[in-house]
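Report on one structure; see the data block that follows.
Labels A, B, C and D are assigned to the chains in the order they are written; within every chain, residues are numbered from 1.
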């Protein structure tokens, strides 16, 4: 069935019309290679410079501190691997958390195989890292702290400024994966004590395959892709000009309307959460009750399994996601749900609904209506529900 | 001045209308994340699979051997660094040539700093590697040979099949940077004994920021970007769906019309070369007289400097490129022109004109006419020309 | 991802529910792994005259349960014992490799119900001598 | 990349050419580095009455040559000696940093021509005592 209601904005977003319109000329008439000296090339170069400036201004950064990448995963990999390589004479210890995106976790695991030591911080039931544990984990050998800004599954927003403060006091670099936070939170990299920050355009109504890494001036980091002189010789490759333009436009739109976006989404999200809680029993909200992304509603619905739920929602034209094991083909539920202490059997029933700029109140009502029906149907055939209900 | 005649197709190409049309839906209504299980996501996944298959079929590869990257530079970096890392227990020696793209050369230099040894093969006056020198350079420690398929500056096409044969006999992996060859040469990766091959869409009328690495089944190579399960867990990151679709479409168009493309470009190129040689004295053609890319005409025009030439051409609305030192801001002319043995003073006067699918005979005539005027003007103010002419 | 047949059995599962006073009940899997299957059998003169299931699990788990019930309904115990996981998967037009364990679970649920029937009736079923319904089919 | 002023002097360079029987000729740079500048001076009663140049080099090299000739034309030798590379670059509205060496070349070409004039006329120019026209301004 065709998608009627899209509630998976945290997975990706459609490209907004203004964004696409801004990109098209760079595929057609303005196709010059930014490294070329003739006018067509200089025009591309100028556009990239302007885009970089727009993004930098929004984040309170210097344009020279913004490096374009092919997305959030590349930015995470770059930040972590290349700080590790460039600072290994200083130490071999990295601190991160248990609820990071795989782009951070798997990169850390890779480094563990190559002589680095990684501390994976616990989180509490709401998904919050413990600043005391963080402080205690820092040793002489610690070179990097990487803690995500906001979690993609449960929406919890970390105390970034405080983490940055701790890192700075100890002389340790601080990287944050802000892929989910960008466009949903006001960010000033200096105020928040951030040294490196990963971003991705496709989460904020920009195109897939473009992102950026903010690298504060002075941070010791290796180049990521060797080759041409692009991105100040740190990330070679002919620039994805159209993608960069689209990314900058998406950032502009996001931050022009940030307050409106936040208040609209928060209202819809809270309605969704309340309706689900009121109409379905044995439901829990995952993540922090207040310190959460405006569009994130993550639940565990007991006695049913996430994939079966998603398939049924899909058949009702609803696009949603789950941290259930079966979705991913692995057998364990998401590491995030495990880290916040959910028992396996409950984590299996997770459902993530994420709202965005095109979500309406009608969408919320439709999703709640269908969800009630589907949960009921699946519970009727669940041997676990039978036991609880004492049927 | 606006560009009237674009003769820098080797730098980049405009996106063809059919290609752009194929991409647009993946920005707008078909925006699903390929990793999502609902229909919108599955549709994206299917499109990626189909695109991969199209490209694989054209190259005689298995779809599972095609890995999408953000472009040619990333593919080169991946192939070389990750084969080096994965095979360092076997050896630490890499063979490449002096005329590779910087994405290969700078990657090799990086590895040299990390304990690897690199042999940079010489080339002859036409830019051809010497197969005997290659054979002699292989030692017990050699793990990788990386030789480009066709050179971006002088257009010379290497004996790829023979190089692959030598590599295979010695049990050494063979990577080729085919960024310039793809779309201009028929390629069957098995017939040509290729183990890994870098490609980039923006050189063949596809978008910038997307490319691929062919990795033959069984090649021992580390993942490039850690994170999600995309690209068979070897290159994480939400896929650039629109870019992938555009790349596949561009490949299709290129190989549907390959013979026509080659014969048209060869004819125009030969006319250009002959006209330039006939109308301007003290000119040499760089690269191999026959074994060269159909659209490449690379010259050295004595007694004048490349940048001054380019600026004048730009003012006449002609987009061209140069391996001159001044273009790049460095003081030495391109490493390729040095490697084919040109004296500095002559290499400074290099001019690369590269033709493509939108080039007309009129374009060639216009460029020759303007070039004659500009060269004359610049030579009139050149103290070097004065000496030769004995003025 | 799933074949049409799987989606059909997932959307309209056959024989959902339970049988009061069933002659054999088998439950396999565990909630930690995300699948539990419970099978109820009615057996008369060595023939399975009715079968129902309840399943907590993914789409494949529900579809394989449904298919398995269809395959054993009306069959003798001997015939039912020949319904392997492979057969269930085949009848569904195949399963994604990550989901093959679900079909194993269906096979085991039937066996567990038959074992329960045998125990209750003091019968020895040769084929189930080495069968342990608590063995984890996930092998992890 | 280049300022408008640079592009103007590059496109319409002033004083291109040579002076037959010039009173001073200076040539600096070398073709390996991609720039050679040659300056011709006509000097009457200590005043530069005419100046011409020829340059092999990039856009900046041509523009700085042109600007330098304009700055010294009609000036006394003392005044001409005060035309520094910095001054040439400033008058052109700035140069990209990679091209600053071109303005140094222009300064040196004028000095070399003045030195030639001094030698031919057996004059000692105090400011050029330590000047070596063959010194490479690229420092590489």
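The working rule: a contact is a pair of C-beta atoms (placed from the backbone, for glycine too) under 8 Å apart; a residue touches a chain by one contact, two chains touch by 3 or more.
Please read these numbers as outputs of a predicted model, since none were measured by experiment.
Q: Which whole number of Å gives the spacing of the CA centres of chain B and chain C?
A: About 58 Å separates the centre of chain B from that of chain C.
Q: At what distance in angstrom does the C-alpha mean of chain D lie from that of chain B?
A: Distance between chain centres: 41 Å.
Q: Cα centroid separation between chain C and chain D, in whole Å?
A: Result: the chain centres lie 94 Å from each other.
Q: Could you list the positions in chain A whose residues touch two or more of the other chains?
A: 37, 307, 311
Q: Of all the residues in chain D, which ones touch at least 2 other chains?
A: Correct list: empty.
Q: Which of line, ring, star, complete or other matches the graph of chains that touch?
A: If you draw each chain as a dot and join those that touch, you get an open line.
Q: Where do chains touch, given as pairs?
A: A-B, A-C, B-D
Q: Across the complex, what residues on chain A touch chain B?
A: 1-3, 6, 8, 11-15, 20, 23-24, 27-29, 31-33, 35-41, 69-74, 76-77, 101-104, 106-107, 109-110, 200, 202, 207-210, 223, 225-229, 236-243, 307, 310-311, 313-314, 318-321, 327-328
Q: Under the stated contact criterion, what part of chain B meets chain D in this complex?
A: Its residues touching chain D are 303-308, 311, 315, 324-326, 329-331, 333, 343-345, 348, 380-386.
Q: Using the touch rule from the top, collect the residues of chain C that touch chain A in their complex.
A: Touching chain A: residues 2, 7, 10-11, 13, 16-18, 27, 31-38, 53-62, 96, 98-99, 138, 140 of chain C.
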